[in-house]
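There are two complexes below, and they share subunit A, which is joined by subunit B in the first and by subunit C in the second.
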Partner chain A sequence: MQRTFRWLAVIAIVLGVALPVIPQIIWSLAHRWLFPALLPTEWSMSSWEYVFSPSSRVVEGFMNSLEIAVFVCILSILVGLPAARAIALNDFKGKGIIEWLLMVPIIVPGIVSTLGIHQLFIRLHLTNTFIGVSLVHLIPCIPYMVLVMVSVFSNYGTELEDTARTLGAGPIRVFLNVTLPGILPGLMVATMFTFLISWGQYITTVLIGGGTIVTLPVVLFPFITGINYSNAAAISLVFVAPAILVLIFTSRQLGQDSAVMGGFGRL
Partner chain B sequence: MVFNSKRIKLIFAITLLSILTLVAIGAVMAQDELIGEVPGFASWEEVLAAAEGTTVNWWMWGGSDKINTDVDTDIGQRVQELYGITLNRVPNGAELFVDQVLNEAAAGVEQGAIDLMWINGENFKTLAEADLLYGPWSEFIPNAVYVDWADPALAYDFGYPVNGYESPWGHAQFVMEYNTALVGEEPPTTFEDLTAWIEANPGLFTYPALPDFTGSVFVRHVFYWVAGGPEPFLGEFDQEVFDQYAPAVWEYLNSIEPNLWRGGETYPEATVMDSMLANQEIAFSMGYGPADAANNIAQGIYPDTIRTFVFDTGTISNNNFVAIPFNSPNPAGAMVIANYILSEEFQLKLVDPAKWAWLSPISPAVYSEEFQQAVAGMELHPATLSPTALAAAALPEPNGDWVTAIEAGWIKNVLEN
Partner chain C sequence: MNRLKLMEKLRVPMMLFPAIAIIVVLFGGGMISGVGQSVGYFPVIGLNDFTLDYYRDVLTDDGFMTSLWLTFRLAFLSTLFASVLAVAFALVLRHAFRGSRLLTLIYQVPIPIPHLVVATGIVLLVSQSGLLSRGSVALGLTQTPRDFPVMVFDPAGVAIQLTFLWKEVPFIGVVVLAVLKSVGPQYEEIARTLGANSWQRFRYVLFPLMLPGILSTSIIVFAFVFANYEIPLLLGVRHPTTLPVMAFRNYQDPDLALRPQAMAISMILAVVAIILLVAYKRLAKYAVES
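So, the complex of A and B:
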């Protein structure tokens, strides 16, 4: 019974991911695809040639997005991991307020906070810089990192760490040999979420990056509003490729009976 | 002294000829000199020297692969070769430039992100009124000799005086696009014929919802038609004049509404309309690019059966301008590029139907004999009207305040009615 359910879930996920992508693939190769033709009447590689030409700036945008997303993941872990552990394992005064503050970026639209931050960043000379864009991406990313890691830590006892410590292990050793293996599946899922949220940022990048930090969404957006669907489809495929890889990877993690799924409903 | 009329005619002719010769010589000779003073630079050599080896951040709308590639090859590569300037084309949505400059100004940034921007009339007015543009410069760069600043379409951008703060580089004119498979070879070129066609063919006509700029210019044409010409709307906004014509416009637009696409319950976006035309969901589209239809056919977006026309009473035209923000780190490089795109070399590529396929803001007569011969030899795509036919039908834009009033009025009286 459970097996059938699992298979149904897998099929649903695969269809959900694959179905929207199939027309995109066809569009990216279509030179002429007009109603009522079921398939393109003329095919061409010109959109893909454009994607890989320097004028499209797709490759440049891809690399910028990748660098920023990886950097944001590292920052998110540095900030989110200690915060999540403290919230999950300790009770302290003002905990409710801190939990709430950490979730605020999910509730408040990014554009609102970014418009305010823009002025501050200009004064700090952070606009139009890699660091500035990464920092502004951090805002919507941290809640997801914390949300996932709090659920991981609340399912995680400190008994093993205590045992290790009584056996003489120092804090670094305890973290590397005991804590990290215990939370690793959950940490990976949280990092993937963080990566994807940074990967998809448009308006925050444009405002803080001032157009000089050209990420993939910045390249893609004008095409979505244009009428050349072939180019838009080709760039979209480049854009969703990492997301699909990440989804496949995380769904494996989620499918296992790991700590990740455990206390997901806690917060 | 007795002057008979013959002698007066002769003197007049000689004077005229010498003026023309002087103008012609001036145009050829002044090409490497500043014509007036620009802020911060004493001579064109100084500008060129300051520009060499620098990067120019040119902000522009980035949604056309053709324009992106053309700018990189025909401008970027050439200014690199000629002046050692690296052109960094910053692709963007068109509405973000103003916010960027306003925010930088509010925070007191002296070295901004933008050097040059391809800007629309509305944004130009906003920035000019806030005193956030570098200048005046555009009348003083060497190739400004080619620009006919006496032409109101170049001296004013949507009724707002350019005054040396914007330099033209392309010309745009409204055309109607239609599918001959649905409309036939003889399109309705008057509003009377168009109205009759819409009534006979319900569901096949629509226009973009205002304040979309394509929808907005279509409704401006209705205003011109109702008023019998553009004249009442060229000066400052006048509420009485507006109230005199507006009710008839709203009444007309409401009268065709039941026969529009989806019974006029909703109006599409301009780009969606192009795609609906391509897929025969509607029979007409419209826009500011006379060669857009030809480009779209070449790219496979449109079927071969799309053609364009202008109304017998004319269509609205305007110019594409570039401007430099007050805090551009590199105004010298920006001016060199603005100057290059007015050159004969570049304008020849601009008007070539096989290359850019734009219209030029410059009269071909100011360029060389070779230029005019090359232009005469260019073959137009069958979906593109000839520059002469377009020029003959060109109408001016109204003052920008009229546009705002028309857009607000349409939403209140047509959309919400």
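So, the complex of A and C:
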């Protein structure tokens, strides 16, 4: 009985995960694949050539996505790390309100705030700019970074920092030699997922970037239900690459920290 | 000395300020601008007077209620199915068996993958000329693409649900699995010695252990699907569509006069989302305590 269930689960998981991936890989290499053939009758690399040609704008989109996501990560760390530490290690008046304020952008649908921000950014001349798109990506990213780092700092003792300070270490040294090594595993996971949240943004980028800032999801979107399956599949596989890297680096942490997991639900 | 005290007092506010400032200015500013437009403040097209007409127009529109129901249904069903499957897989994966570690790794693959990639794969898999349809011809079940059931651009939203399921089952599952693994088998053993059958062991031992994890992750799934724009737009029918798509379409309409309506829809969407999530949290707290 239990063995039957186990086999059913094994088959369901392996097939379930593989099934949407398989046709993407095959289509990206297919030249001629008419219905109802199970495999392409002619193979070619033409959609991969298309992906790397300037006219597809895939490389351009990839670089824009990368630049925005890195910029967003740096800003999220710079503002999120001190805020998380303040919340996790201190009790102060209004802490509840502060935590609530940082949660609201997670509860309110992103499209609602983005539509409002669009009008605001038009007036501030931030639409169609790199900085405008990055700023709007910060809205889901900062709360996430703070949330994860609060849970990291909650399990973090400051005794070592005090010792280092007593021994005469300055604030920069204390941070680099004591604090950073202590929080690094958590910070790395948080940063990778902040990266992925920005990497996956579509609607915010389209609205605020207005077609001027072309990121990879913006390039991919019209292909998904288009007629050129081969190009759709190849672009989609380029888009998924960083996620696979992140999975390899973080698979150990998965499921161990529920705050970290919270971020996965936002991708 | 006084300066030191002041510095110490300002330390926490200074650490919080940048994050709070960005959220208040961007998110708060966006919300205020949105509320303003929804009640008739849109100077660009000469609207300056306060009115609730747009809310009335939206709420009395038949299409709105249909959309609200569709949005809710998709979010509710995705969350329900994902939770059930996640629990089932966790029950199997918690045991160590040959290849169980590799299987757990495969199980985690969907978690960081962007939804747009999943949508691409689902289209290539379940559309009428997709891989499954081809397989069904090979097995002699169907002859033409049209014999295969419509799962993309269908009123029921099968492809939409599949996309969310593929993403969210492992998301809930990994959290639940971590709980079961950290607890270990001893509670179950005790229940077994006390004569509990396998259903009783699940119902009274394992399920209560999993419940907090299920609730905390499913609330994220519900909020995500309820607010999602891309997937229903890509894989759903044009009418009826979900509220986020409806709001965005009205917003993008060349007729700027539709924008206050778009804002009214999006504000209602926000309010409904907040009410549902608060209610869910209350319910979850009640369920965990009892």
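We adopt the following convention: the second predicted complex is superposed on the first by the 226 of 267 C-alpha atoms of A that agree within 3 Å, B and C clash if a C-alpha of one lies under 4 Å from a C-alpha of the other, contacts with A are read in each partner's own complex, and residues count from 1 in each chain.
Just so we're on the same page, a residue touches a chain if its C-beta (ideal position, glycine included) is under 8 Å from a C-beta of that chain, and two chains touch if they have at least 3 such contacts.
Keep in mind that this is a model prediction, so the values were computed, not measured.
When the two complexes are overlaid on their common chain A, residue A:Asn231 makes contact with subunit B while staying clear of subunit C. When the two complexes are overlaid on their common chain A, residue A:Phe221 makes contact with subunit B and with subunit C alike.
Note on subunit A: of its two partners subunit C and subunit B, the one contacting more of its residues is C. Of the two partner chains, neither subunit B nor subunit C is touched by A:Phe130. In the superposition on chain A, A:Ser53 makes contact with subunit B only, while subunit C stays out of contact range. In the superposed model, A:Phe175 makes contact with neither subunit B nor subunit C. Of the two partner chains, subunit B and subunit C are each touched by A:Phe35. Once the two complexes are overlaid on the shared chain, A:Ile111 sits against subunit C while remaining clear of subunit B. Of the two partner chains placed by the overlay, only subunit C lies in contact with A:Ile87; subunit B stays clear of it. Residues 35, 118-119, 221, 223, 225, 229 of subunit A are contacted both by subunit B in one complex and by subunit C in the other. Against subunit A, the residues of subunit B that register as touching in their complex are 57, 59, 61-65, 68-69, 72-73, 88, 90-93, 96, 99-100, 103-104, 106-107, 109, 113-114, 271, 274-275, 278-281, 296, 299-301, 303.
Contact residues of subunit A toward subunit C in the complex are 5-6, 9-10, 12-14, 16-17, 19-24, 27, 35-38, 78-80, 82-83, 85-87, 90, 92, 98, 101-102, 104-120, 135-136, 138-139, 142-143, 146, 193, 196, 199-200, 202-203, 217, 220-221, 223-225, 229, 232-233, 236-237, 239-240, 243-244, 246-247, 250-251, 254-256, 258, 261-262, 264-267. Of all residues in subunit A, only 30-35, 42, 44, 50, 53-57, 118-119, 122-123, 127-128, 206-207, 210-212, 214, 218-219, 221-223, 225-231 touch subunit B in the complex they form. Remark: subunit C residues 11-12, 14-16, 18-20, 22-24, 26-27, 29-35, 37, 88-89, 91-93, 95, 97, 99, 103, 105-125, 129-131, 133-135, 137-138, 145, 152, 166-168, 171, 174-175, 177-178, 213, 216-217, 220-221, 223-224, 226-227, 229-230, 234-235, 244, 247-248, 251, 262-263, 266-267, 269-270, 273-274, 277 touch subunit A in the complex.
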